[in-house]
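First chain A sits with chain B, and in the next complex the same chain sits with chain C.
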Partner chain A sequence: MSEDQTVTIEVDGREIQAKAGQMLIDATDAAGINIPRFCYHKKLSVSANCRMCLVEVAKVPKPLPACATPVAEGMKVQTRSPLAIAAQKGTMEFLLINHPLDCPVCDQGGECELQDVALGYGDDVSRFVEGKRVVMDKEIGPLISTDLTRCIHCTRCVRFGAEIAGVRELGATGRGEHMTIGTYIEKSVDSELSGNMIDVCPVGSLTSKPFRFRARAWELIQRDAIAPHDAVGSNLHLHVRRNEVMRVHPKENDAVNECWISDRDRFSYTALNSAERLDTPLVKTRGEWKESGWHEALTRVASGLKEAGSDLGVLASPGCTVEELHLARKLANGLGSERIETRLRQGDFRTAAGAWLGQSVTDLERCSAALLIGSNVRKEQPIFGHRLRKAALEGCDVSFINPLELEMNYAARQIVTPPAAMAGEVAAVARAAGAAGPLIDQAEVTERHQAIAERLKAAPAATLLLGNLAQAHPDYAVLLTLASALAKATGAVLGQLPAGANSVGAQLVGAVGDGLDAMLAQPAKGYLLMGVEPGYDLWDPAAANAALTQSGFVVALSGFRSESLEAVADVILPVSAFAETSGTFVNAEGTWQSFAGAVSPKGETRPAWKVLRVLGNLLDLQGFDHDSSEEVLAEARQQAEGRQLDNAPADAVTECRLVDAALTRIGDVPIYAVDALVRHAAPLQKTRDAIAAAIYINESEAAKAGLTAGMQAAVTQNGTRVILPVTIDPNIPNGCVRIPAGVAGTEQLGGQFGEVTLEKA
Partner chain B sequence: MGFKNAPMTTVKPVEGKENLFSPEVRAEIDSWIAKYPEQWRQSAVMAALRIVQDANGGYLTEALMDQVAAYLDMPAIAVYEVATFYSMYELKPVGRHKVCVCTNVSCMVNGSDKIVDHMEQKLGIKLGETTEDGRYTLKEVECLGACGGAPMFQIGTKYYENLTPELVDSILDGLE
Partner chain C sequence: MANEVCLRNNDLERPWLLEQYQSRGGYEQLKRILAGEITPAQVIDEVKAANLRGRGGAGFPTGMKWSFISREAPGQKYVVCNSDEGEPGTFKDRDILRYNPHQLIEGMIIAGYAIGATRGYNYIRGEFWEPYMRFQGAIDEAREAGLLGENILGSGFDFDLHVHLGGGAYVCGEETALLESIEGKKGQPRFKPPFPAHFGLYGRPTIINNTESLCSIPVIIEKGGKWFSEIGVANSGGSKLFSISGNINKPGVYEIPMGTPFAELLEMAGGMRDGRKCKAVIPGGSSSPVIPGEQMLDLTMDYDSIQGAGSMLGSGAVIVMDDTNCMVRVLERMSYFYYEESCGQCTPCREGTGWLYRVVSRIENGQGRPEDLELLEDVTRKIAGRTICALGDAAAMPVQGMLKHFRDEFEYHIEHKRCKVGA
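Up next is the complex of A and B:
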């Protein structure tokens, strides 16, 4: 029977169409017929262990589990016959035997699948008079709290770990009454998608630790939002109580994030009320920071900006909304400046290209061969990582060319090479694929290059993706040129994985310029910083600090207080953070997703688009009289109309700038360091993925420098010296040292990639 | 794709498998791995745990389970699941002779309680305990499928059936 053949079945006297081979519960769900269930989850494998979905099927003597019974032509199903109801009620009674009656103190109370189903199928009095079992709770990290006595052993969390997160951390140990969910040994659950286990848990066994005991489900108002931390554009539900975001859940959207979100998107809201939130304007007078009123601060900013005039530089985070970036660009243009940049972590601007995914998000999981260049996609864009993992499990051949070895959750080929040799590796694959050109012709092709090239060529849907490490590479233009040649030779789709939530939108509204060098090499008279902490958000913090310090006037629009900002700015205007402002993000595939503010701005903060509009007015610029962000959006859309992004580079660049040094820094941005909101989210900063500033180096390189694990050592980059602890990491190749960017301790260092020297401190 | 349909192996096979276990233990585990399709190495987990347990004086440690996981390219938790599920794997040290006495229906009807009482008195320990000299462990088990010879117990790989207190004495005293 072929997959797309349909069969007709009869459920409760109603005829419904189903796909042959489909499970009964899928067919009834599609038809809107409710069958109770606990262990079944549409995105997970069928385990049929809870038995709650038992139904009566004609000509079968015993009730069958709907989740594990394939439909067949002419099947007659009763979901509410006496036999089915007796089976469901019997199951319910057994499930409740050991479940505690602690709903009043359970966080799941009010939104609990067990509670709901018990209302329909449970009895009012339990016949079980013996003692209930008690299970000790386990400590599994800063994000998930456990109440394992409530567990009904559906194993959704275990299957989620194995099938979606791709790491088996939780398991079911023991058997019968002694079965418990846990890690067996004391261990935290570290997956970047772990928070979804809270969602899949049908009872209050796994609940959100930051949300614990903070609100009841029925007090919360649900509002929609778009995730602000990566270019996936995951759809979110914000749960709000009394003007405070209490928690974040995924909003289902099969075209983008399915029903999952990354932990970064789920827990970053905890920063909204952190102690470092800035809620009044700050003005620096004679080197002293003073709180001030908006009027005074704005007047000061207007005069500063006027003074800077056409010599104004705007540095904006790629996480700013379309509306903010549109107005910022307009403001700069109005003052006669064309200098605006959002590609804050790009290491090379020698060629222009429109960076976007090059395909739809769902295409990622349909590809049959993929080569990722300079990408740790699993940590950079966790949901894209998940899509690629799905592809890999379906047989997609995934390869990586990276400066460090990644911990993968699926089988993939990894070419690990020092940053300076990355271009050579891409060139070798291109040559193996039959491309020609400078660099490619000199490349040395080995078997593994041949293998990648062959798979890319043979695959019906192949893709080449450049990730954040490639964009930060000093020879990004070369990598892109080579990747483009390789894509042409293999017929693969060329795509990029942009860093920010609105990286693509920034390009569409023209918030990209000639690059960071053009912006920072010669200090401008004035700078406008939007959502930027110079020590953390820029490719070369040292150069940025130097330029900003020498500049006449620096105004920052920021949601947080930050030493790095206070060292260089003259005025800091408090702007509303994620969830407090309306706006639009364009995700990696180019989908425009607008959202309204879910809570009102904190304290004296104002949405950045309003601040920019007022500044426009104060500066007497034309066209700053929007009444709503929708008006700004309409204008921005008009501007963006007809603009097409093309990943292929405008000019072929084949001259490598990064020379093979004795020791090269790899300055990746860890998953929980990407922007100010994430950096201030306390629970995320307690996870194992919150990588601290340190010198990560392999054993032999460490020995060469006379260093051992735990020792303090001095790193020198472009004359700046910083003391950091040494960590031995076998994933770093020889000749390299990984010193993460965007984390406390490296805010004075130079570019994300470049020559460094090490010595004992 | 569920992990029931495909092997849930670790992504990165552990290197240096030849340094795990003794050559004899490895050879025995390998003979079990060979019985399964190549990508289903992990199917040998039960046999591997038994072999390792026997070589370790009758019980498993976390370190040994981790080594089994490494040897079979499995996540460690998957090995813990198996080891905690089956009652014949011991996770704590046991005596030299593990006396597994059945107290299930047939044996109970035929007087297993008397046998248990007798052994508890004789050895001075309760079910689930080990004698101080480390000679005997008493363990209550479910049906071992020898109902025809009830009451019965198992010591090592041997079944002893139709037990009486006198027979128990001679069996226990006859062990080294």
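Up next is the complex of A and C:
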């Protein structure tokens, strides 16, 4: 029978249509017929272990699990017959005999699948009079709490790890009643998607550690939002109580995030009430920071901006909303400046190209060959990583060209090469694919380049994706030029993984200019910073600091206090953070997703779009009369109308700037360092993925420099010297040292890629 | 008519040696098959004609199992031998591994030839160290002699065989749990369908048979399926190994024709110890319901006869108990076994076996309540037929059997807080 063939079955006397071979529970779910279940999860494999979904099928003497029984034409099913009900109630009794009756103090209480189903299928008095099982809890990290006595052994968490996260972190050890969920050897659960285990757990066995004991489910109001940390645009549910975001859950959207979200999107809300939140305007007077009223601060800003006039530079985070960026650009334009930039971590602006995914999000999991250039997609954009993993499991041939070796959770080919040689590797693949041109013609083709090229050519759906490490590369323009030639030669779709939640939106509303050099090489008279901490959010913090320090006037719109910001700014205006403001993000595939504020702005903070609108008024600029963010959005959309992004570079650039140095820095931005909100989310900063600033170097390079693990060493980049600890990391190629960017201790360093020297401190 | 098939070489001095096995015509059937005298289809037909039913306990016709796999289907296929032999009371496969390993190897190669498999695994119970060493020795000898490995005897047919020593879990005797265990995973039964014939070891078509079943194959080929079938009775072909133990004089393994009266088997085993009364018999391993002694003495040892008495022939593990046994104590011990051996995967078995054990234990220890017997019966009904594998049924049936035939002892225990036996 083919997959799309339809069969007719009868459930509880009602005829329903189902796809041949489909599991019964999928058919009944689609028809709105409820069958109780615990272990079944539509995105996970069938395990049929809970036995809750037993139903009666005509001509079968025993009750069958609906989750593991394929439908067949003419099948007659009773979900509520005496046999089925007896089986379901029997299972319920078994599940409850050892389950603690601690619902009043259980975090899952009120949203517990066991509690819900027990209401319908459980008895009010237990016949079990023996002692109940007690299981020791396990410490599995800063995000998930365990209460294993409550576990009903459905293994959803185990299957999630194996099948979705791609890391078998939790497993079931022990037999029978002694079976427990755990990590076997005590360790933490570190997957970037681990929080989803909390959602899939039907009971209160795995609960959110940051949320634990802070609210009851029935006190929470659910509001929609869009995730602010990457270009996926994951749909969120914010759970709010008394004007406070208490936790974040995924909102199901099969076209974007399915029913998953990354830990970054789930736990970053914890920063909203961190001690570093800024909630009153700050004005610097004679080198001293003073809290001030809005009126005073805005007046000061207006005069500062007026003074800067056409020599104003706007640096805005790609996580700013469409509305904010539109108004910021309008403000700059109103003052006669064209200088606005959101590509804060791009290393090369020698060519212009529209950076977007080049395809839909769901296309990613349908591709049959993929080459990622300069990307650790799994940590950069975890949901895209998951989509690619799905493709890989279906047979997609995935290759990477990267300056460091990645920890993979599926089989992939990795070409690891120093940054200066990356262009050569891409050129070699292009040459193998039959492309021609400068660099390509000189490239040395080996078997592996041949293999990648052949797979890309032969694949019915192939894609080339440039990630954050490519964008930050000093020869990004070259990489893009070569990738574009390779795409043409292979017929692959050329795509990019934009860094921020609104990187694509920023381009559509014109919040991109001539690049960071143009912005910072010559200090502007005035700067407007939006969501930017200069030490962490810019490609070259040292250069940025120099420019900002020399500038006459710097105003920052920020949600947080920040040392590096306070060092350079004159006024800091507290703006509403994620969840506190309405707005719109355009995700990597180009989908516009708007959201409303879920809670009111904290303290004295105001939504950034309102601040910009008022500044427009104070500066007597035209067209700042919006009454709502929707009006701003309408205007921005109108301007963006007809703008198409094209990943192909406008000019072919083949001159490499990054030359072989004795030691080249690889300055990746770790997953929990991408923006201020994440950096202030305490639980995320306690995870294993919260990479600290250090000198990551392989054994032989360390030996060359006379360094050993744990030692303090001095790293010098562009004349700035910083002391950092040494960590031996075999994933770093020779000639390279990984010093992550965006993390404390690297504020003074130069560009994310570049020559460095090391010496003993 | 004893020791005709699996134990037929037991009279030799060292029957596990290749040379001794070959002195009795060992590996001759394999040679005939490889020479093309017998086609794979004919092999399967003979096994079908032999009316050989799976000797591990379930009694599924072996020939039919083999015919589910097409020899022509491309890709790797496997033959797996189940020597996990964990059913309490069963110790017959141990003797095959110790005394007739080559006949098992020959049987497995023939099975591989019949279905087009080139790899075999024998999964041996973890506690069987000596049989494991013996069997491994036989493999080494066979490989050395060119009977295993590539291009066996120049025929162009490849078949190699590996031993996997289990870790001591009863549930790994369940065929799909066994496959998981070979794959290096936790031994837990798979949900079926798909059956191993379609999705077996490493997801490939696999036949998995009991040691005794596979060991019978060379004899069936030699003497013909009809010959084998006629040893037994209708619906139960051939001879069968019975592991008989308990309160008898000569416990051990006896190979006798199917349909032999139990009384005869008891006599072979030296009769009841101290001439006591045969109170009860568990006829097919601990999971088969108990049968009262008087009733058992009228039965014959074949599938239909035992089934007619409400029990199962199972693996042929006969546990004989005299009138000094307290049935509550016996059941407590058996329930403890299932409680400890449940894999924990599915709810009714994981939770139910522990519940059964605790209630029976309470009764045994004088803490029983009048309503406990009804509770026990109800819990067994909620386990049986609702689990992924048969372990749930295996745990439920002994309880049901005991309560059916020896309810008075349980009632006595509850009322008097001590055993009826000896009271």
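Definition applied: the second predicted complex is superposed on the first by the 761 of 761 C-alpha atoms of A that agree within 3 Å, B and C clash if a C-alpha of one lies under 4 Å from a C-alpha of the other, contacts with A are read in each partner's own complex, and residues count from 1 in each chain.
Just so it is clear, a contact is a pair of C-beta atoms (placed from the backbone, for glycine too) under 8 Å apart; a residue touches a chain by one contact, two chains touch by 3 or more.
What you see is a predicted model, and the numbers here were worked out from it, not measured in a lab.
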| item | value |
| --- | --- |
| Clash-or-fit label for the pair chain B, chain C on chain A | clash |
| More chain A residues in contact - chain B or chain C | C |
| Partner chain(s) touched by A:Glu394 [first = chain B, second = chain C, both, neither] | first |
| First (chain B), second (chain C), both or neither touched by A:Phe128 | second |
| Contacts of A:His153 with chain B and chain C, given as first, second, both or neither | second |
| Touching partner for A:Asp668 - first (chain B), second (chain C), both, neither | neither |
| First (chain B), second (chain C), both or neither touched by A:Arg175 | both |
| Contacts of A:Asn49 with chain B and chain C, given as first, second, both or neither | second |
| Partner chain in contact with A:Tyr410 - chain B first, chain C second, else both or neither | first |
| Intersection of chain A interface sets (partners chain B, chain C) | 46-47, 171-175 |
| Touching residues (chain side chain A, partner chain B) in the complex | 44-47, 159, 162-163, 166-175, 183-185, 393-394, 407-411 |
| Residues of chain C defined as touching chain A within the complex | 169, 171, 186, 191, 339-355, 358-359, 362, 375, 381-382, 385-388 |
| Chain A partner contacts - residues on chain B that touch it in the complex | 1-6, 8, 11-12, 62, 75-78, 80-81, 84-85 |
| Sites on chain A touched by chain C in the complex | 46-52, 54, 61-63, 65, 68, 87, 90-91, 93-95, 97-98, 127-128, 130, 152-153, 171-179 |
